[in-house]
Amino acid sequence: MQRRKKTLRWMIGLFFTLLLALTFLSNTIQGMSLPKVSVEKPETGGLDLDVSGEGFLQSAHTAQLFPEGDWKVEKIHISKNDRVSQGDPLITFDTSSTKRTLEDEKTRYEQERIQLEKMADQLKMLLRSDDTTGVDNLKRDIEMQQLDMQMQQRKIGDLQKQITEGGMLTSPVYGVITSLNAAEGAAAGRGQPVIEIADDASGYQFSITANSDDAAMLRIGDKAKVHLDEEPRRSVEGIISEIEDEPEGGSKKITFDLKDANLQPGLKAAVSITSQSKSFGMQIPKSVLEEDNNGYYIYTVSEKDGPLGAAYYVSKTYITIKDENGDTVVTDGLMPNEQYVKESSEPISDGDRVRY
Amino acid sequence: MKGGNYLKRLGQQYRRDAPFVLLFLAPSLAGFLLFFIIPFGAVAYYSLIDNPVNGNLVGLENYGALWASGSFRKAFINSLMFAGVSVPVVFAASLGLAMLLNGKLPFRQSFRSMFLLPLVVPVASVILVWQLLLQWNGAVNGLLQQWGIDPVDWMNTRWAFAVMLTAFVWKNAGYNLIIFLAGLSNIPAEQYESASIDGAGAIRQFLHITWPGLAPTSFFVIVMSIVSSFKVFRETYLVAGAYPHDSIYTLQHFMNNMFQSLDYPKLTAAAVLLSIVIGATVYVLFWAERQSRRALEQ
Amino acid sequence: MTAALRHIVTSFKVIFLVLIAAAILFPVVLTASNSFMSEDEISRHYDALNSGGSASAREHTAIRLIPESVTLSQFGEVLLARPKFLLHFWNSVKLTLPIILGQAVVGTLAGFAFAKLAFPGRDKLFFVYLLAMLMPFQVTLVPNYLIADKLGLLNSYGAIVFPGIFASFGVFLLRQFMMGIPDAYMEAVKIDGAGYFRAFLHIALPLAKPGIAALILLSFVDNWNMVEQPILFLTEQIRQPLSVYLANIAEGARGVAFAASVLYMTPMVLIFLYGEEHLVEGIQMSGIKG
């Protein structure tokens, strides 16, 4: 009997000790298996709408130069990206083939002139023979011959002009060579421009793509500082000239016009515009937003006194989205010092205990 | 002469004891007043006013409203029914067990321990078994079906009453058993011996020796059983919640629900009625006990 | 009656008692054995009609006392993965312990006064105590609630602990015990010139020790099971004692609930086995009309 009591006393003691030990350890045991979260306090204020991007300058207008004939390129006087002035020689063509054609045409003209003389002699003869019908016929032939010769003369004139003017291609504008489609010794195709020159006089522009939400506050005519990637770096003023939707949606193409001398096409231009949205609230990154049937929610962390010390629990907090940009939303429904879960090591759900 | 002397001595003792009475009794009396007597007075008062905010005396109006309420009548009748059925059953069961355990028997002590065990087993920990066995798709219905009997929705038909009764007997038989065993051991063994010598049979012995010998104990067992039967709410609540099947909707359910719905007039009126019933029962039983003892002594 | 007949009668008695004991122990044993069964096994054995009541599912119904495979995972789950169980366990301890200790102190003092001191109206006052003991908790529910509110105890354990400490059961039981101490002992001390305190400390208290033990046990049994007071006075789920919590987790995870039940009854059963004779003595004392 006494032994039984002793055993029971031990068992009772052991039971309570065990439960006590487990209670004290439970936070630790729990801690190891709890999902770990990182939290952050939301910033208050309107949304920063950042639009930034880079683009390459293009002139508003480009002069395209075509060769006058199917010539071989004899000499290229410039190279790509060269700055040229009006009248500068660009390409000299080998016009010998056209010259030869010119000689041929001249010869044909000579032949026709001889033919005409021959016909004049015949007419003299016929006038004497009093053959009126023959005379009339011959007169008409002579007129035709004269017309042919005029045509031939024009042809010669054209060819001569082609050789003198087209043999040497010169720049019609001040600007920069943006493309060169010719190689010395090779034939230049007639259909395509051999040289394109960005026309300084027309001005330059570049475009960037930005998130529609971010760009919501931008208007055509807004001015922005544009940084140019040059040595030394400098910035010029740009004006928004065009805002159009991109075909994929969700983003917009914004075009800036720059008016400044000494610009070059292809120059890298960067722009960064920060504007503030009109809405005011808590700023929360989009990545932490979740959605269910009741709308958007985030997990917030609250502290509760557990059996031993504080324990942290997450709870669903529904929010209303007032405004958003690419990665952040402005919301209502959150206390300013409430902390939201930014990341968690495991999927969490409402009421879960977490550690951080 | 003698009486006067006795009273004089008693008066002296009162005076002598008074400060100590205060010291020893004070803590208990203070708490008892604060948590039982004053509340009880308050209950009686509340039962006579329209609501605690206005405090207008309305006489017995609350009692009228209470009696008019169908759920109260149902609860009141159920509680009386349950007491009326469960007290005799638990009385018979525990007396029967006590008779079996009385006298020399192998493992007597172990049997007693086993019968007493339900008293200490927390209700909440066995209701699981209860649900497991008796719910609609529980094991008992499964077995019934295997034997080709239609299943019974135990907790949602009149069977619930039987289930509660079983639970009540299971829980309380041990307590009464102990009291009966004590009562039985107080009956002198010589009485049985002389009765056997006189040739009295077991039934005669029971009627003429055991039954009268147990009388004082029996009254106490009955009082305690009635009180326990009014407290069976705990089990019912844990198994069936605040709104169980009609047949086991007792006064305690009614009162709890009135409390939850803040219907204080009805609740307090019901409380006063219940305490009158209990008080009267206890008084009658004690009176009957005194009568039977006097009869025994003469 | 011959010895052989008596032997046969005794054997029948024992067999009958064994059957009854088996029936009485059945729920407890089932709870214990189920706590070692996996959730899956529990469903397989007991859920008769859930899979649409198909015949194949019904064939499996069987009440098993021995698990097919013993698993301790339920206990692991309760003790390690659910801090709530431990929380509610200590809630129960926090509620029960002060009540038991307070009741023992208050009860011993007042029991002594009722049993061994003389004062006018003593027996009438005791009868009032007795009546209060017999009243269900709900009778004084409203004023108790209002008093707890006045004292600022609402939704705190005080609202349950204080009425518990002053419950008249403790006074009743210890008065019954101390009535059994012969007055002659007391007289002896008084004649010696020792005061009531000595009588109390050196005679009543040592002699009432079994009674105090019995009170502690009976009060433990009663308060460990407490249901009505917490569901009405404690609004926060997290502060509820184990008795209320257990009834709520039974839904769904039954395997876990069985393990929790076993852990819940373990201290009760161990203390019962440890102090059984005191418990029996206490019950016997409660049954003696004095």
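Read from first to last, the chains carry the letters A, B and C; within each, the first residue is number 1.
Simple rule for what comes next: a contact is a pair of C-beta atoms (placed from the backbone, for glycine too) under 8 Å apart; a residue touches a chain by one contact, two chains touch by 3 or more.
Bear in mind that the values here come from a model prediction, so they are computed numbers and not experimental data.
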| item | value |
| --- | --- |
| Arrangement of touching chains [line / ring / star / complete / other] | line |
| Selected pair, greater C-beta contact count between A-C and B-C | B-C |
| Chain at the geometric heart of the assembly (C-alpha centres) | C |
| Intercentroid distance (Cα basis), chain B paired with chain A, Å | 90 |
| Centroid spacing, where centroids are CA-atom means, of chain B and chain C in whole angstrom | 16 |
| Chain A and chain C, separation of their C-alpha mean positions in angstrom | 81 |
| Contacts with 2+ other chains: residues of chain C | 271, 273 |
| Chain C to chain A touching residues, read off their complex | 79-81, 83, 86-87, 89-90, 263, 266-267, 270-271, 273-274 |
| Chain C to chain B touching residues, read off their complex | 10, 13-14, 16-17, 20-21, 24-25, 27-28, 30-31, 34, 42, 45-50, 53, 58-59, 61-63, 105-107, 109-110, 112-114, 117-120, 128-132, 134-147, 162-163, 165-166, 168, 171, 195-196, 200, 221, 224-225, 227-228, 231-232, 242-244, 246-247, 250, 254, 257-258, 261-262, 264-265, 268-269, 271-273, 276, 279-280, 283-284, 286-289 |
| Residues of chain B that touch chain C when the two form their complex | 10, 13-14, 17-18, 20-21, 23-25, 27-29, 31-32, 34-40, 42-43, 46, 52, 97, 100-101, 105-107, 111-133, 136-139, 141-143, 145-146, 151, 170, 175, 178-179, 182-183, 216-217, 219-221, 223-224, 227, 230-231, 233-234, 237-238, 251-252, 255-256, 259-260, 264, 267-268, 271, 274-275, 278-279, 282, 289 |
| Parts of chain A lying in touch with chain C, wherever the complex brings them together | 4-5, 8-9, 11-12, 15-16, 19, 22-23, 26-27, 29-30, 33, 306-307, 353 |
